[in-house]
Amino acid sequence: LTPHSPHRRLGVWLIGARGSISTCVAYGLAGLREGLLEPVGIATEYEPLSRLSLASLDDIALGGHDVCMRDLSLSAAELVKHGILSSDLVAASAPHIAAFETRIRAGALDEPDVGVADLDPRSARLGGAPPREQIARIAQDIDEFRRELDLRRVVVVNVASTEAFRHELSEWSDLDAFERALDTGRSQPASMLYAYAALTSGCPYVNFTPNRGSSPAALRELARQKKLPHCGSDGKTGETLVKTVLAPLFASRALRVLAWQGYNMLGNRDGEVLADVSHRETKVKNKNEALRSILNDERLHTHVGIDFVPSLQDWKTAWDFIHFEGFLGAKMSLQFTWSGSDSCLAAPLVIDLARLADFAAENGEAGEMLHTASYFKAPIGGGSHDFHAQFDALVAYAERHLAPGRSRGASRERGSTPRA
Amino acid sequence: LTPHSPHRRLGVWLIGARGSISTCVAYGLAGLREGLLEPVGIATEYEPLSRLSLASLDDIALGGHDVCMRDLSLSAAELVKHGILSSDLVAASAPHIAAFETRIRAGALDEPDVGVADLDPRSARLGGAPPREQIARIAQDIDEFRRELDLRRVVVVNVASTEAFRHELSEWSDLDAFERALDTGRSQPASMLYAYAALTSGCPYVNFTPNRGSSPAALRELARQKKLPHCGSDGKTGETLVKTVLAPLFASRALRVLAWQGYNMLGNRDGEVLADVSHRETKVKNKNEALRSILNDERLHTHVGIDFVPSLQDWKTAWDFIHFEGFLGAKMSLQFTWSGSDSCLAAPLVIDLARLADFAAENGEAGEMLHTASYFKAPIGGGSHDFHAQFDALVAYAERHLAPGRSRGASRERGSTPRA
Amino acid sequence: LTPHSPHRRLGVWLIGARGSISTCVAYGLAGLREGLLEPVGIATEYEPLSRLSLASLDDIALGGHDVCMRDLSLSAAELVKHGILSSDLVAASAPHIAAFETRIRAGALDEPDVGVADLDPRSARLGGAPPREQIARIAQDIDEFRRELDLRRVVVVNVASTEAFRHELSEWSDLDAFERALDTGRSQPASMLYAYAALTSGCPYVNFTPNRGSSPAALRELARQKKLPHCGSDGKTGETLVKTVLAPLFASRALRVLAWQGYNMLGNRDGEVLADVSHRETKVKNKNEALRSILNDERLHTHVGIDFVPSLQDWKTAWDFIHFEGFLGAKMSLQFTWSGSDSCLAAPLVIDLARLADFAAENGEAGEMLHTASYFKAPIGGGSHDFHAQFDALVAYAERHLAPGRSRGASRERGSTPRA
Amino acid sequence: LTPHSPHRRLGVWLIGARGSISTCVAYGLAGLREGLLEPVGIATEYEPLSRLSLASLDDIALGGHDVCMRDLSLSAAELVKHGILSSDLVAASAPHIAAFETRIRAGALDEPDVGVADLDPRSARLGGAPPREQIARIAQDIDEFRRELDLRRVVVVNVASTEAFRHELSEWSDLDAFERALDTGRSQPASMLYAYAALTSGCPYVNFTPNRGSSPAALRELARQKKLPHCGSDGKTGETLVKTVLAPLFASRALRVLAWQGYNMLGNRDGEVLADVSHRETKVKNKNEALRSILNDERLHTHVGIDFVPSLQDWKTAWDFIHFEGFLGAKMSLQFTWSGSDSCLAAPLVIDLARLADFAAENGEAGEMLHTASYFKAPIGGGSHDFHAQFDALVAYAERHLAPGRSRGASRERGSTPRA
């Protein structure tokens, strides 16, 4: 275990670099550096994860791809209007954001969306090119980022919009078959091309989206072959998070869940994309799967709705109704309303995952990062969906890797809510 | 580890035998015997707890004390009217209930309530008698129950109403001092006299109420001296249960809880008693304590309200509002409404605890049953209030005690919601 | 204005006589006669409507059509199980229900449902017969009911399930065209055949369903020609009722509603039928229309979901989320959860409407009963959807028709919630 | 009816000029003048009220009293932070606000608060002075405001914090007695001194607070004597507003409300003041009274809680639970969560009321403005609490006073939600 040089920074390459999650990551890191923010929500800044030798938040450099051309400052102005970012923070972060902006390149648009969306023409062109050509361009952009900033390592994180659903292709189950398919030029999901490019460029890969990314067996084989850690998919930020916290209660108490109805409303770009049925399919499947796996009752009646409500903007609101039966046949209910800023919930998880992927690579760990399951709706590698069981696994991982020399005094206290 | 005789039954002595929890325990056990009910809510009937050599549900005999004289059939008729019990169940259970009824004795009314409530005059008289006299009468009733039914063991379970709050007396911290105080005749909470009588009669003791019971150091010393297991206090059935499931989420995700407001409404006898401030104090303290312990943030703003709403009868409804801060200072909220029949939620826990206390005694375990913490708002012996951590401890206990010979096929599957 | 003979009863002919609304009407009237119930929910029993010379609740005789064969006692047993009816009430009502049961005839199944549903074969046969034949049979059944019980008048009330949506046919806009279409044997919605049969038999007609019934111009012409009053459609019992009470608030206060999302869950036969998109269409349209009409803002984002959740049985639960903007651009929200027994909410409205239709006929009023708009989601004759404006119109109607000689002392007080 | 000169402005004198309602009034009027805002929430800007000859929003000049010294720009900065005001609006409004700031004078602190709060020492001194001296100073400040700006008329509006409860004094029932009490120097609520000063200075008076103000008979006599219109008290902005919209539904439908529990949480200065029981009493009384008056059932169980939750700041959140009984004894519920910015809800009502008071004075109307009842929790002059009935009365008033010559085209459409 070689300690990394303190003088070379960690690069985080964001696919979807102009989206609201990336915007929150960028302004958040800037705000922390400028002393305007506390690291609330970044679990790796609190005990016990903070005791791992993770890359410092001050040593993270950002770059990325996007398929649209909108200035980050425009996204930021919108988030100010929606009450997410403060105008003081935006002003103070300007130099950091300008630097990030210069490191954003035109990405590859997923082929089914080519011609549909009003986006960067270079992305549309690239999305229509043969897969091998797309991969080469992606890899080249990442390499330039690494070289220009003399980065110690680059972690690639996919925070792009949800892709249209595609049925599984036979070549996804085997790396050789996938390589051949790439050679023949058969169209593949952009998220898989990004994952392929990342892994072949020596970058750990994090898939925060419900897209295929590195989940298919072919890509998982590639990660093992390249001895690189990766994780995903579909960040667990809101309603599903609460679901996987509450559902184990019913199982533990032997209460029978009769119906679990979940209605999600969201108003940002994510909501707009998910308003389309073909883009919604994977997301709904992931949300349902988690519940069924925990409750393990084939009679369970469950429904997940996702509706686009533009006026909500980034404030996702979800209502869940849980109908359950207790002793003596009594029918009872629990209902909850979740109201949160999706981007503010996602951004700190992206930071955590980039640091954990870097740490795993530093430790020579390859393949699925099973200890990160608590971050995802559909963890690669499977396992329990019970949030507490997943989080316990993360704590156990941290305890196994604790740097004995690290001073406890310097880090935050475990298991407590953050303090000022 | 000596297996118990299959021919001698387990006695469960209920303090508050005419209350709605006891009524649900009695009708529930009768319904299970008559094949009219499934054991939904009785966790000890499902994997992995079902694999322990616990007393069979068919082999439980009920008796108890109460301070009121109302027929169980009247309580049952009310529960039918409130939609808790079905009239079919009540009809089919009549012989079992009649037998139970003959084994209910006048209990000791807590002294501050003597003269206040319109109850059994014998209970009022007994409540006014010197403590030693009360203890002797309680012990005598339990002994008769054991001898008459030739019971293998009697577990005493307190499911009575909440007592008026009393400031801690110095004699509670030490058994000798407590014995001397009993000798002098100083008034003590009825719940402590019951606990004392149970333990000195050789009975494991379960305190499902927020009353003092066996929680003070003097009684805990007595349990150890008598080599008896005991547990409590304040059954975790509803809003606090959900609280201790949800609160760890915020701690794990490093989200800062700004305010947690909980409003409870209940309409049964429990609600009526708690409408009085002096009776409410302990309950509110227990509810608050659990939250503060998990979130561990002295700035947390929290409030617990308990209001009596007669029309709700046994259907407790609670609304919690959780205001929290995430990354970038975003303020978000989670609110939930819990609507449950308190007695239906409590009754299976009482059955679980009686079986677990019997099992612990059978295994020669003495003192606080730390593995039952998930059942209580204020677990004797302390420890984490995190429900999942508490339940993990119970599962670990079960795994340590698993009867290797027991057929897995015969029991229900672990971690799943109950099935028909 | 000739006072009706006190010795001859009012007949109410229920289409859907075995459904849960009819069951609640029948047991409710029986319970009132037996002194087991109060008339809670029957607005015509309270001031000021109670001061009209309406048919006495004791003088209502029930009969009807249905397309299924299930015994009313089976429906009642289910409602007992779901906590809607008490078993005492069911027992005491038995003779009344038995009499009603003998007066239920096989109705005409709507043609698109012939062959789909597992129902009374006579109904399926009748539903496949030429329209004129169906009408003749329906009319004959109603006539027999009137003659056998020597009824003063029969009011026909449609409380059947929602029919599959059909596009408007040209013949619906004109009575002559409709008559010719009946002659040619072209298939028509069963609800229109019932309405036609009722009106040609001299019966006032109430359409409590979202089905076409007497709403098309052809039938409205028929009612005027026959000098009969009629009203409908789609009883306003739950979520839409609350909507039309709340929405005017936003209009009055000049607050801008940005989005109004409504999610309905129901578990009874109605829910099962509405789970099918073709049957759901009209209902959703009616729910949306009411809101749009009150808020009158073409930018309003609104969505109505209806989901079948079997475990809820007759307990309809709806969650509405209202996002609105106030002064200074502040975005605020109001959310509500409605949890009600649909049949218990509908049954008293059916009783009110039958009495009001009888009263209108008695007074020689013909055509649309505009004063009953507050009872419907899609009032025939249109007008405001604002519940309070609609109710004011009903009160004004009552005030115009007040029987001066009627003793005020005998009736309940106006504008108060019912008392015991 | 003399039309007012278009060249002389209307003065609005705000008692509590530095509070958040006043801040929202001031920035709101500035934003409207600068074209940055729409008049959403100002009902007098929409049909039919907009057709009255009301003072133009551009012609309102602000001044006022306060007992604290905090700069308006500080209050505004806080409202920006809480997401109420946008920083653009604050910047553009600066000159208007600076002008307002120069016209704020030290007010009279209510005597029970003298010495308690950390406020403007001049206000504390004035609050301790004899009543006649306080009145003289208040009147002098108002006069200067009128003269310096050559105002056509000054309307005085009380938007100060809730005063401590005081039992009714005998002199409040009679103007002569009150005058004598003022002469003797007996301490009176500050709100009554302000009302006295306003009316004796010839100013119409609006009491937006739950304080006594002009409600006592003595002050009402004074208003009539001075031929001045006045209205109040306790602005109906949030939970009570929804209550008085929903409660009539239950009365109209003859549904029996069993319990209505309302829990209010608020975090601004108002919440802080109301956290004190003596200050809370009047508010709770007003909230309860409205409900009882509409439902008119002495058995109704009702509770109103008000809790201070600092993190909510200006965002008031309330949860109401309504338990009701329908036909057949079915128990049902409606619950709602209201989440609104109290100041944004109150500010446009203050603007409406100031204009309506000016209009009434212009028309020579004196005494209680009964047509403004929809704006208040405890309308002076009593009458129905039913919001829709109250609003109908306002519309009827407007229709009686419509200026026939006013072009309809220039005003907004009636009964619709505001448009962009």
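Worth pointing out:
Every chain is named by a letter (A, B, C and D) in the order it is written, and numbering of its residues begins at 1.
Here is the rule we use: a residue touches a chain if its C-beta (ideal position, glycine included) is under 8 Å from a C-beta of that chain, and two chains touch if they have at least 3 such contacts.
Every value quoted in this text rests on a predicted model; they were computed, and no experiment measured them.
Number of steps on the shortest path from subunit A to subunit D, with steps defined by chain touch: 1. Between A-C and B-C, more C-beta contact pairs are found at A-C.
Annotation: 51 Å between the Cα-based centres of subunit A and subunit C.
Centroid to centroid, with C-alpha atoms defining each point, subunit A and subunit B lie 43 Å apart. Subunit C has its Cα centroid 48 Å from the Cα centroid of subunit B. Counting partners per residue, subunit B has 83, 86, 325, 333, 335, 337 as the residues that reach two or more other chains. Listed in rising order, the residues of subunit B touching subunit D in the complex are 258-259, 261, 263, 265, 301, 303, 305, 307, 309-312, 317, 319, 321, 323, 325, 331, 333, 335, 337.
Within the complex formed with subunit C, the residues of subunit B that make contact are 80-81, 83, 86-87, 337.
Against subunit B, in their complex, subunit A makes its touches with residues 24, 27-28, 31, 37, 39-43, 45-46, 83-86, 89, 241-242, 245-246, 248-257, 294-297, 299-300, 325-330, 332-341, 344-345, 347-348, 374, 386-389, 391-392, 413, 415-420.
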